[in-house]
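Structures incoming, each one as structure tokens.
Two complexes, one shared chain (chain A), two partners (chain B, chain C).
Here is the complex of A and B:
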């Protein structure tokens, strides 16, 4: 009897293992599924989150600047991987301290962006027409931070290596962007996009974004160190994230004009 | 006699309106500080804060030193990091430096700034050629005390143009307590900067005090807004948000008073300057002589809608009492509305305001501005990456215009019934935002005058920044808003160390 049970258990265990291993190993071939999973991992993990971020901006001449800020993010939840709310509170450098940046990311239309300048008590509305413009002087673009619409590009699975899916993305509206296409390396083990290279009209790679460090945070694979490089000027920006928390249950109403003048301290401070 | 009857236009630097007059004879008594002494006085004063500030704020001495040390440390680490191509250890060291700054929340920040500006042409009415000549230390401290947030911003400065010694002047820019009442209301209590409305350097419903002297002399744009001593009550709910601001004592604009800049005086029918400074009788300081400002606002589908109300006074002394021979701030009420939101791939805005001149409701008093309807519409778009273009059209429609002309002492110098103003802003950011080039131009086809502000802002590092610019004013006539300031056109430069 015992032997039978043992045998059954062993069989069950083997089946389970082979199922798991089988799922992990089998290569995905549907490119749309690959990019949507990568998009989810990069921008939509958990329902909300909090992180402190720091950027070291180095220009081609070696001059450095630092930006430090805390980000609160919440998914609106109206659709899967859809609209999101962001609050970004700057703490460094000194001349932008307490500047608050608020974004509503829309999937189907332009984002809404506001910036609060405490010195003037001014709420400035910022046009979001050009998403491929520098995020606060860094080599990251707004689109790198908040994500690019999946249906803005045609996706093509170039290659499946031991570690990566390599996807080529060609813009449907080439006039709206500065690249001809870009290639993304997506880690097969966790769907994390680990490298992106942008190619210009001359066929040269001129821009690269890399995830330099990925950590498991509350069970979510998270890029905690990223670098954007401008290969033409030699400048680059290194971003680090710390004090990351997921599923902190941010209330909806903190993503409002009130928070521009009165930052919700309970959520911005480290817990 | 009522030049610019309804007060200085939007940008209202007193605009030498009718009340702004000086007996011509008085200004002939000119200041005669020996010109040779200027350089000495000048530079010793510039450095005075360096000597005094540390004495007054010796604990603060540590701060710049600390930041410098941090910077240096960072530089070392960064150069190391570069050679290591961001090896793990190098990055970690960089990352650890200063992560805690933010969390402490109660550190003292601020800046030290030296500024100089001078006229680009000589001015017949003002002796001194410099229009900006000062050194300034800003101290900025804020902290949470339980549910209470306290913030202080103070400037310690020596302004060579106004300084009469022997001590450093202090200006409290903000001394504020903020706390919540219930779940949905905030109170801001104390000295604070207040702003609302949708215009870019054009203010219709924003009747909070402005500092036109700072604006025209090239101080940092922050100084365009002067402080209010007020209570601001804000209530937030789904129906609409409400802001109610009560300033128990009237806070006027810091207007052009002839001390640094000359202006047109309708009473003298000429450009004038100090001495004497243009002075004005303030409203009484009884509780019911203050100002009330209201805003009801809501965002609907990404469009920001707002209604405004104001009950107080014209912010510059545009009234004149011929019996007592003094300038004063006539009573003003205003109502308005605005909307702002995404239009195409830019931001569009529209704002309207009705200015009710309560002391001259039929428009016949030549010494008080008439009522006006003001209208603004604007559009801003990022044309190409980092290059932003903004355009605005602004209208002042003066009411009871026939009565104004009939009673005016200078009917030929009144602005037209419909005064049009166009503005354009071009902004270009480059070099990782270290370099900003901007040009803002006001042009009025009806006044035939203009005001151009080219500017270059360069951030040398996160601590050091500099700004150079010009304020170029001119026009066909010397009595229009910008035309009167032609000989005040100036060039300025500032260097700032932030900590």
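Here is the complex of A and C:
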């Protein structure tokens, strides 16, 4: 299965090249190809990148909170759309400033995650396992940020519209997740997943993630405004990505345990 | 005026009937629009301060009313089979409409925070799948018991019980939701016992059962009253009239109430039960006399005219006094009680009107055969029946031992007064059900296992925003002045940024407005910095720092001292013995701090700095249920709520906790700027109960004075007025004496019954005194008149008393305690006021006869 996916990814890369060349191609019918293209666009553009993210969390009662952080990302490059390093440095609210979150995303095993809390002067490893927990109190899950393994779901092309491929994803291990299935709308023009809706056991859509704004940055289509909505509570989180740079040439050694306590400032700085 | 009414009835009986039929059709058409309302919150006006605050708190913290489903297994619930049942139950419950699925609390829906090897913290579902082995089940037990905010809330410390807390969107859906939960339970493969509890369930179940009672109790009582009337009058055609009258009165009153858009509350559901005796009473007097006077040598119209002539005034006054007694309930500050009182007052006057129009019209419309039969066969219990003989004996007896009886009467009065002082004012919606009711059983069992299923909330709000604003303005003005001095003018930009930050505030809640402003301002400054000229940067950074510093300061319930204050208050609450447990943001902070460290008991404490608290909470929010935190503290950390789990929903117990906290605050003053208030259904119940008790005292006193004035006006004599007040005073005193002595709680139904006592027990005195005066006038002396009083007049009074007392005994069979109370009280009111009227009034009259009567001859024995 995994090998097949890799093969498909490779094929996709080749096809992608021809797409970029810019001929109108017929609708894609291979659903595995569609989802892997979408996965690439959402999580793997360029070899590395830097972005500032501002999350506005609004709960069902209208209370607002802010989380502001800078993300550094670098692909390990061992395989196509494979393992990645992340550093997330919080700057706001001021009382969590310099809290650092470090992730090594693995394709074939569980991710490694660490957190440094300056107020407690404490480095803590966060146990792998469930990735469908809240991303620091927002309506995004950790998995929405890092990406869900393609082989965790069975994919089904429901529909091809003028604009979208509509793909239904059914988990292979239903006990590990809180949804029964989810549906993704993938933009045909740029392979960007623009909307995802999650359906619960009662058959109701209870959660939605949308790309509200897509910008071309350094030639890469990038979702700069994303919204996650909890349709049950009425709460939602709006994430704005700003000061985005691709191909920054981040050195490998900044993605280390040492950086948790001593953030590599020069790479986090706005430029 | 009154004669023209009688004449209309005598001459156009068909028109009377037609009018009544039209009225019944019109009002009956409104009945289907009935809206049942059992929400005790509606005992308070919707703009009442405590209720408004309660609603605000619910909104602010996202708190919903809770249904509690308990699961008990005497062998312990931590075994694969029980947990599998629990898992299935919880997951099926999530699918029910009208609940808040993301906030359901149970072992199967909450998160576990634990150690996962050295230096590793783990967030995972407590029980994502049911465990396969006993060991796995025990691991769940250990995990639950390690987390203080779960232990004793969703699982009992003895390991025998677990609970599912189901937040519901609307309380009036509880009954349906409970039924759906019960359906799920029926499908479970389980030997466990299941119990469903929670205040909204009690309230909504009461509403449903109340509806059933309205449909059964009132008709059964009606039937029994009918049978008793038949026993006394032996003429179906005659006694059909009071029954029709009662029905018409009830339909019109309820139709009017519903048609005017009022909801049928617990009290108003009893309107028909209250109106039935009142409506029947007058017509029984009328018919009793009519059947005594109607013979072959008189026409029905003449006999009825005669009866009406001398019963009109006493009937008018008995109706007016009853109406006054109930209308006085409008003086209480409780809307459903006001509605109840005013509509009964309306019903009483309507019944009176019908009595003087419908009964005569009905009687003259009876066929000659029926009337002649009536003249032969009735009255059944004439001058020789058992009732008459006992009444005569009673009359002789009381006059033979006046002193002994008066001493006994005064003795009972003294004992009653002592009883009244023992009255415990208390209410609890669960006690509206009988002890064997499944809800009472569930309530008892769950509170044995858990810290408590009744909720109250202590809410702490920090209100120092004025001080913070002043401080902030001073700090930033200094920075701007410094910039100005260095030739950088930021004033316009600063004003603009402040204005924009104010404009984008969504939630205009007083104590969260300022932090929102600061949060907006910080973001705008941050954006501005990117565009700023080099010479501005330094000052903008200083302004940003000042803004963020003030924002940090404003997060009051993130400061260790504030958390410690809450912690100490929680500790103290446990000493009351009523608060089984309390949950607060402090508990969350301490638990997560412990797990962030090595999970050892000594790390179960409040971290040392505000930033450490903030980061602890940030870590907690990386769980599946970050929103749980906001039930205990608002995101701006300006308000905190302490969730109290009470073992009892009795108002006396809640009051005790409230008093305890008041005392505690005296010795442990709140931190500067902080205000404390209460919320939660148990608290709301206490508030309206206090309002009710105060209101009832006023209403009772008011009605008492009004009735007294009416009596003086009726008899044109202060002395007679005083006499007339004796049976009603004695009745109220004796009844509340009994309440005090038997230890029955003075709750809402008991309070309302004072109005009924007042209205009904004065009736007998009015009739007795009126007839006594007539008799004395007719027969010349008290001595000559008194034996006659124990014939027909006493008979009418006792017939009434018996019909009502016995007729409402079926209420004792109701599963709802307020209905039992009314049934018992009606009997007691009838017996006490009848006996006081027939025994004590003659004695007192005998002693005071020279002041009361103008006797032509005086011959005392």
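Assume the second predicted complex is superposed on the first by the 247 of 271 C-alpha atoms of A that agree within 3 Å, B and C clash if a C-alpha of one lies under 4 Å from a C-alpha of the other, contacts with A are read in each partner's own complex, and residues count from 1 in each chain.
One rule holds for everything that comes next: a residue touches a chain if its C-beta (ideal position, glycine included) is under 8 Å from a C-beta of that chain, and two chains touch if they have at least 3 such contacts.
Remember, predicted model here, so these are calculated numbers, not experimental data.
> Chain A superposed: clash or fit between chain B and chain C?
Aligned on chain A, chain C clashes with chain B.
> Look at A:190 in the shared chain and tell me whether it touches chain B only, chain C only, both, or neither; answer first, second, both or neither.
neither
> In the overlay, answer first, second, both or neither for which of chain B and chain C A:142 touches.
The second partner, chain C, only.
> Considering only touches as defined above, state whether A:54 meets chain B (first), chain C (second), both or neither.
Both chain B and chain C are touched by A:54.
> One more residue to check, A:130. First (chain B), second (chain C), both or neither?
In the superposed model, A:130 contacts both chain B and chain C.
> Can A:235 be said to touch chain B (first), chain C (second), both, or neither?
both
> By the touch definition at the top of the document, which applies to A:94: first (chain B), second (chain C), both, or neither?
In the superposition, A:94 contacts both chain B and chain C.
> Applying the document's definition of touch, where does A:202 land relative to chain B and chain C: first, second, both, or neither?
Touch partner of A:202: chain C, not chain B.
> Does the superposition put A:122 against chain B (first), chain C (second), both, or neither?
both
> Once the structures are superposed on A, label A:245 by its partner contacts, choosing first (chain B), second (chain C), both or neither.
Neither: A:245 stays clear of chain B and chain C.
> For chain C, sort through 95-103, 419-427 or 635-643 and name the stretch that clashes with chain B after the overlay.
For chain C, the clashing option is 635-643.
> Mind sorting out which residues of chain A both chain B and chain C touch, each in its own complex?
Residues common to the chain A contacts of chain C and of chain B are 54, 57, 59, 62-66, 68, 92-95, 119-120, 122-123, 125-127, 129-130, 132-134, 136-137, 178, 235, 270, listed in rising order.
> In the complex formed with chain A, which residues of chain B make contact?
These residues of chain B touch chain A: 67, 74-75, 78, 82, 86, 91, 94-95, 98-99, 101-103, 105, 109-111, 142, 144, 149, 178, 180, 186, 188, 192-196, 221-222, 224-225, 234, 236, 241, 297, 299, 302, 304, 340-342, 344-347, 349, 380-382, 384-386, 388, 429, 431-434, 459, 461-463, 465, 496, 498-499.
> Per the contact definition, I'd like the list of chain A residues that touch chain C in the complex.
Residues of chain A touching chain C: 54, 57, 59-66, 68, 90, 92-96, 99, 115, 117-120, 122-127, 129-130, 132-137, 142, 175-176, 178, 200-202, 206, 230, 232-233, 235, 243, 270.
> With touch defined as at the start, can you tell me which chain A residues reach chain B in the complex?
It comes out as residues 52, 54, 56-59, 62-66, 68, 70, 91-95, 97-98, 104, 109-110, 112, 119-123, 125-130, 132-134, 136-139, 178, 212, 225, 227, 235, 238, 240, 242, 253, 256-258, 261-262, 265, 269-270.
> Spell out the residues on chain C that touch chain A in their complex, using ranges where they run on.
Against chain A, chain C makes touches at 59-60, 62, 91, 94-95, 100-102, 111, 116-117, 119-125, 128-129, 506-507, 512, 516, 519, 522-523, 526, 530, 548-549, 551-552, 555, 558, 593, 596-597, 607, 609-616, 618-619, 621-627, 629-630, 634-636.
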